[in-house]
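Below you'll find the structures, each written out as structure tokens.
Two complexes, one shared chain (chain A), two partners (chain B, chain C).
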Partner chain A sequence: MVEGYIPTSLSDALTELANHPYRLVAGGTDMLVQHHNLKTLPINFKQDVMYIANLSELQGIQEEEEFITIGACEPLESILEHPATPKLLKDTILEMASPAIRHAGTLGGNIANASPAGDSLVPLYLMNAMLEIQSKDRTRRVDIKEFITGVRKIALEPNEIITKIILDKIDFTKATFRKVGPRRSDAISKLSFAGAVTIQDNLVMDFRIAFGSVNITVVRHPEIECQFITKTVQELKQNKEHIVSLYREYIRPIDDQRSNKEYRKQVSLNLLRQFIDTI
Partner chain B sequence: MAKITFQLNGKPVQLDTNPNRRLLDVLREDFSLTGVKEGCGEGECGACAVLMNHEIVNSCSVPIANVINKEIVTIEGFSQTHRYDILRNAFEEEGAVQCGFCTPGMMIASESLLNKNANPTEEEIKIGLSGNLCRCTGYNMIIKAIQRAVKDGDGTW
Partner chain C sequence: MSDISKSVRKTDAAEKISGKALYVDDIKLDHMHHALTVRSSIPAGLIKNIVLPELPDGYYSVGADDVSGKNVVKIIFDDQPIFPTDKVTYLHEPILLIVGPDKAKVKELVDQVKIEYEETKPVFDWVNSAIHYHFEKGDGNRVFRHAKKIISYDYETGYQEQAYIEPQGFIGYLDDDKVTLIGSIQCPYYVKNAVIQALGVEENQVRVIQPSIGGAFGGKEEFPSLMACQLAVAIQKIKQPISMMYDREEDMLVTTKRHPSKIHFEAAVDKTNQILGFQTHVGIDAGANIGLSGVVLSRSLIACTGAYTIPHLDVSGDVYLTNTVPNGAFRGFGAPQMYFAVEMFMEHIAKDLGIDPLTFRKRHLAKQGDKTSTNGTFRDPIIMEEMIEKAMEISDYQTKYKEYQDPSSHKGIGMSWFFHGCGFTGSGEANHIKAKVKLRKTKDGFVHILVAAVDMGQGIRTTLRKVVAEIIELPLERIIFDFPDTDFVPDSGPTVASRTMMIVGGLVARAAKEMKERFQEIEFTVQKQYEQPSYIKYDEATFQGDAYPAYSWGINIVEVDVDPVTYITKVLGSWSVYDVGKAIDERIVLGQADGGLAQGIAYGYLEVMRHENGVLKQKNMTDYIIPTAMDLGPMETVLYENPYAFGPYGAKGVGELTLVGGAPAVTKAIEQAIKKRIMKIPATPEYLMELVNHG
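Now for the complex of A and B:
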């Protein structure tokens, strides 16, 4: 029979994980749907699981001078309600699932799930989020874009747990998240977009663009963004169609039942146009 | 097997059970709390909603292992409160109940919302109910019922 282990502390969890492979369960909102049970039977997990949602070391939000640190098991709704949470992340969480799912689902779970349609990934890529990852003998930090390696693929060893998400505090002049999907509380977005810009004395000092659900993982290209740094706002706007053309080749949605490729590509590029128009 | 202790409808409970069970099944099977309904079993419909530490969760998406030391309130427990009486009356008056399958979940969603936001806008009510599906009423009556409960409750939340 598949076992479930409930650790009493993070060090207990890491010690146990060093000796035995477990699949982690945080809020369980993805894990329970993916391992749907027949009514009244235990959840149909394929391997032993470890429950980490209630470990106090994985909770809480700390605000420091230059960073915000979010515990991996902090529920999405608590992140939404916290005053230190960057507005772009709040705007994103508001578009995710329903209050019931957000009270249980965690940010660490959304990241580790590594779905191409995982909404939080879009603003987290945009903000260059760092993840703190711990095993019994080691703590390391990794950039989210190195951590997510493909569709539902992550660079996590079997003895490791994501413990924290670390965000730079950045004061963008404008930052937007847009999601196009069938119903707000539906599991999966058709596509999503985030844009951010910092303007000083009419000059573009920072310009960031990220697309979700239009490739195997979030599309972000700093080498495109940096071409427009120190341009004037007017120059940026005049370059709108040029910028759209630079992104066109990276928008390669997979064609599935959620919506067709051409639709996703058009809408994604229109969201980019709209963002530039409203700067 | 694991020892699971938590508060259920105001009383401490302890059980020795497989931690890989859903809260929904424990409530219905072990405690006969059948006001908690299974609709979709996938977190999409809210029929199985309960309060965990005063906030709505879908009991079909919560493993019992995560409930240790938490306070769970089902519609049966909530029905013992004054807030419930106000909501029930408002749902009746506004015709917000037809077949009634979604109603326990709708009441739990209403309480979770009003507990945090005693005077929600219509948009906030819609967000509060966004995880609960109703096949019968078309939602407008439920929204009106919550607005009426806010008025009738006059400071209850």
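Now for the complex of A and C:
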């Protein structure tokens, strides 16, 4: 029989975690589905669980001069409605699940779930999101791309909780998120794409590309992006097929019940072409 | 007299919105036990040994040895065992039940059952024909000798899952010696008759009751009989109340779906570009049992001319057995597969001949007095020409069609024409069903409708009461239509085949007319039995004669935009015009129209289900995608009145008509948008990409 623990504060949660391993449950919108049981029987958790969605320390959005911080258990719908939320993240959340699920689901939960099809991960990788992680004895910060280590694998110690997501405030000239799902709402992505560019005096000052659902985690390659910094917009556009060819080898999707690898690859690259065309 | 079409509040609206409606899983009995199913883990093989865990006191296994009657599920074609004795024919086939008071314990025991098999090579190719049909009209394929041109294409359709809101379930108990079952079902008497045969008991020892039903779409036509037989055997053995509820995933993995099909068409065209004849073959995948597949195939074959008149036909079809989950009834019943194929074929012939498809199709459109595919006669007026004009007007079809012919356009508009034969195919109503209905007036002046028709959401609890109230001239509140209970209602037949209002409602109307004349009597019952209109003659063996007493007609127009970057189809809107004789309640018919078309359009481009080596890849509502309102755009429907003499107030069938034309309308629109030919459904973005890349 598994036990459930509902902490009253973050320090209560961290103290309890220091003594006893728990599976953390935030909004539970995917975890409860993964552990579903026959109806009328309790959720089929394999180990003790701690419910952290109610902790006030893990909620809220703060806007600073250089960055914004989002509480790890802030519901997606509240992030969507907050004026400080970067537009790219709003555009992404709007495409996620359904309003009902967005009221329960959290950004920290979507990160810790580390699904290859996790939609929010794509803009978070693009924005170089930092995560603040706490245990009873220390607080550390880690880049999201160091945190997610594989399919549903994360670098979180058993005594740690993600507390905040920290995003730089960046004023992109153009930033796009495209979700390709099997229907127009409330569905898991077949693939997703995010692109962002900053142009000054017709020169590309920042250029970022990220792909979701086409590899074990989000595909992003700063070493490709930086080749095009300080190029003119025209040069960037002329290099479209070259850029596509540089990404081709990193798009390694699979066949599954939602789509096939040929489609995922071709459409990912089509979205990249379309993004460059519309800069 | 007011117009009966004027909408009233739906009888079940308040109880459903308030949450008071009781579905089967809401009904709790004292000492309720739970039954869970032990299923096969291979698609084909012989059962060598079953090793049960030690069962604690009060826990039981129930299997083939416990069947006291005949170990076969009585449907139309009795080839499905209640519990298999020696061989397994599909993955997740039910082998035995474990029953006990604690569901968690039952589940644990189910997981501990070990079944040893001798695996055999499963068959997934369509090679094992269990039923073959063939019929001709006119000169059959001999007319091909006179053809100036022969055009031939092949079409394919996939699975479709009913995705009813409420998964399948039953509870049952022993009441003295009587096995009583309450279940989520469409056909109380199918269940009752199957259970009588399974238990080998008298008719009065089985009782079947219907609670509120959360949708069915054909999925609760024959499958519940299997569950009911298993549960009844368990009740007879254990003598305790038992609940047997499927969870969504179990439901999707093991219940019947729409038959995948492969349809071959050849057309003989003369020198005036008129079609002389079709040669057609339809193959459908029955899965592991025949069940209703022969009847599904019949309806498909009979629909092979679509809404057109083709003078000469050579039509054949096969039901193939494979080691996959059995397929069965689903709204449309063989017709949706055929309408996709024949509507695309007509389009493709016209394009090959270099003729405008609309002109070509109009030249072949069926008219009153024409011979049907089975040499019956379209006796009643066909008002399709007028309806087509209306549909094109409200959708601005011609302007859009012309505009979207532009090679740079990514939009398309498609129009399907179709009919649906109302009631059972052939002489089914007269020879097999023999529907009976009763009306009973009680001392308090109330009138009770006693029929076995099930309201699964389609509104029959509202519309049948309207018919009776209108005829007897009583307020609606004085007409009672309780959920069917086989101890109290006669067998008015199954709730299927768009037959309920036209056939059952027709009988109820006849009974109401008699009741009105005798209304001064204090307490009495009127009974009526189905009589086939005398001019309807049909020979099931040769497929000759009038296959249906009446036909409902329809037109669907769908407009789409296909994204050239993602190949995703966006439905911009749809327009429908229907002749359902007479709408008994306009809002209910419009509700059927929206829901049916959504299901039909989604069948054409959205809903994907496939198996790999007998394993279904989409097994829950996360992976099996059905449309939301966002996927459909605005829907507009216009109803035409064209009363049928034997339907109440002229009513014909509604439920299936609204689904059958959706797929070809959307695929024709996609075809125009991408300028490539659609040969199979669902027309997914993956398939469209392949067409754009290669074809």
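We take it that the second predicted complex is superposed on the first by the 275 of 279 C-alpha atoms of A that agree within 3 Å, B and C clash if a C-alpha of one lies under 4 Å from a C-alpha of the other, contacts with A are read in each partner's own complex, and residues count from 1 in each chain.
By our rule, contacts are C-beta pairs under 8 Å (C-beta built on N, C-alpha and C of every residue); 3 or more make two chains touch, one makes a residue touch a chain.
Just so it is clear, the model here is predicted, and its values are computed rather than measured.
Trainee: Identify the partner contact of A:K39: answer first if only chain B is touched, second if only chain C is, both if each is, neither if none is.
Mentor: both
Trainee: Per the contact definition in the header, classify A:I216: touching chain B only (first), chain C only (second), both, or neither.
Mentor: neither
Trainee: Which one hits more chain A residues, chain B or chain C?
Mentor: More residues of chain A are touched by B.
Trainee: Output check: A:Q274 vs chain B and chain C. Expected answer is one of first, second, both, neither. What do you get?
Mentor: Second partner only, chain C.
Trainee: Is A:E77 in contact with chain B, with chain C, with both, or with neither (first, second, both, neither)?
Mentor: first
Trainee: Applying the document's definition of touch, where does A:I170 land relative to chain B and chain C: first, second, both, or neither?
Mentor: neither
Trainee: For A:V233, using the defined touch cut-off, is the partner it touches chain B, chain C, both, or neither? Pick first, second, both or neither.
Mentor: neither
Trainee: Between chain B and chain C, whom does A:L203 touch in the aligned arrangement: first, second, both, or neither?
Mentor: It touches nothing on chain B or chain C.
Trainee: Name the contact category of A:G28: first (chain B only), second (chain C only), both, or neither.
Mentor: The first partner, chain B, only.
Trainee: Quick one: classify A:G4 as touching chain B (first), chain C (second), both or neither.
Mentor: First partner only, chain B.
Trainee: Both chain B and chain C touch chain A; at which residues?
Mentor: On chain A, the overlap between the chain B and chain C contacts is residues 33, 39-41, 184-187.
Trainee: In their shared complex, at which residues does chain B touch chain A?
Mentor: 2, 18-22, 25, 28-29, 38, 41-44, 46, 49, 52, 55-58, 60-63, 65-66, 68-69, 109, 112-113, 127-128, 130-132
Trainee: Show me the residue ranges of chain A that touch chain C in the complex, using the header's touch definition.
Mentor: Touching chain C: residues 33, 38-41, 178, 180, 182-188, 256-260, 262-263, 266-267, 270-271, 273-274 of chain A.
Trainee: If you look only at chain C, which of its residues touch chain A in the complex?
Mentor: 25, 36, 103-104, 107, 245, 247, 565-568, 570, 606, 608, 617-618, 622-623, 625, 627-628, 630-631, 685-686, 689-690, 693
Trainee: What does chain A use to touch chain B in their complex?
Mentor: Residues of chain A touching chain B: 2, 4, 6, 25, 27-29, 32-33, 36-37, 39-43, 45, 49, 51, 53-54, 77, 94, 97-101, 103-104, 184-187.
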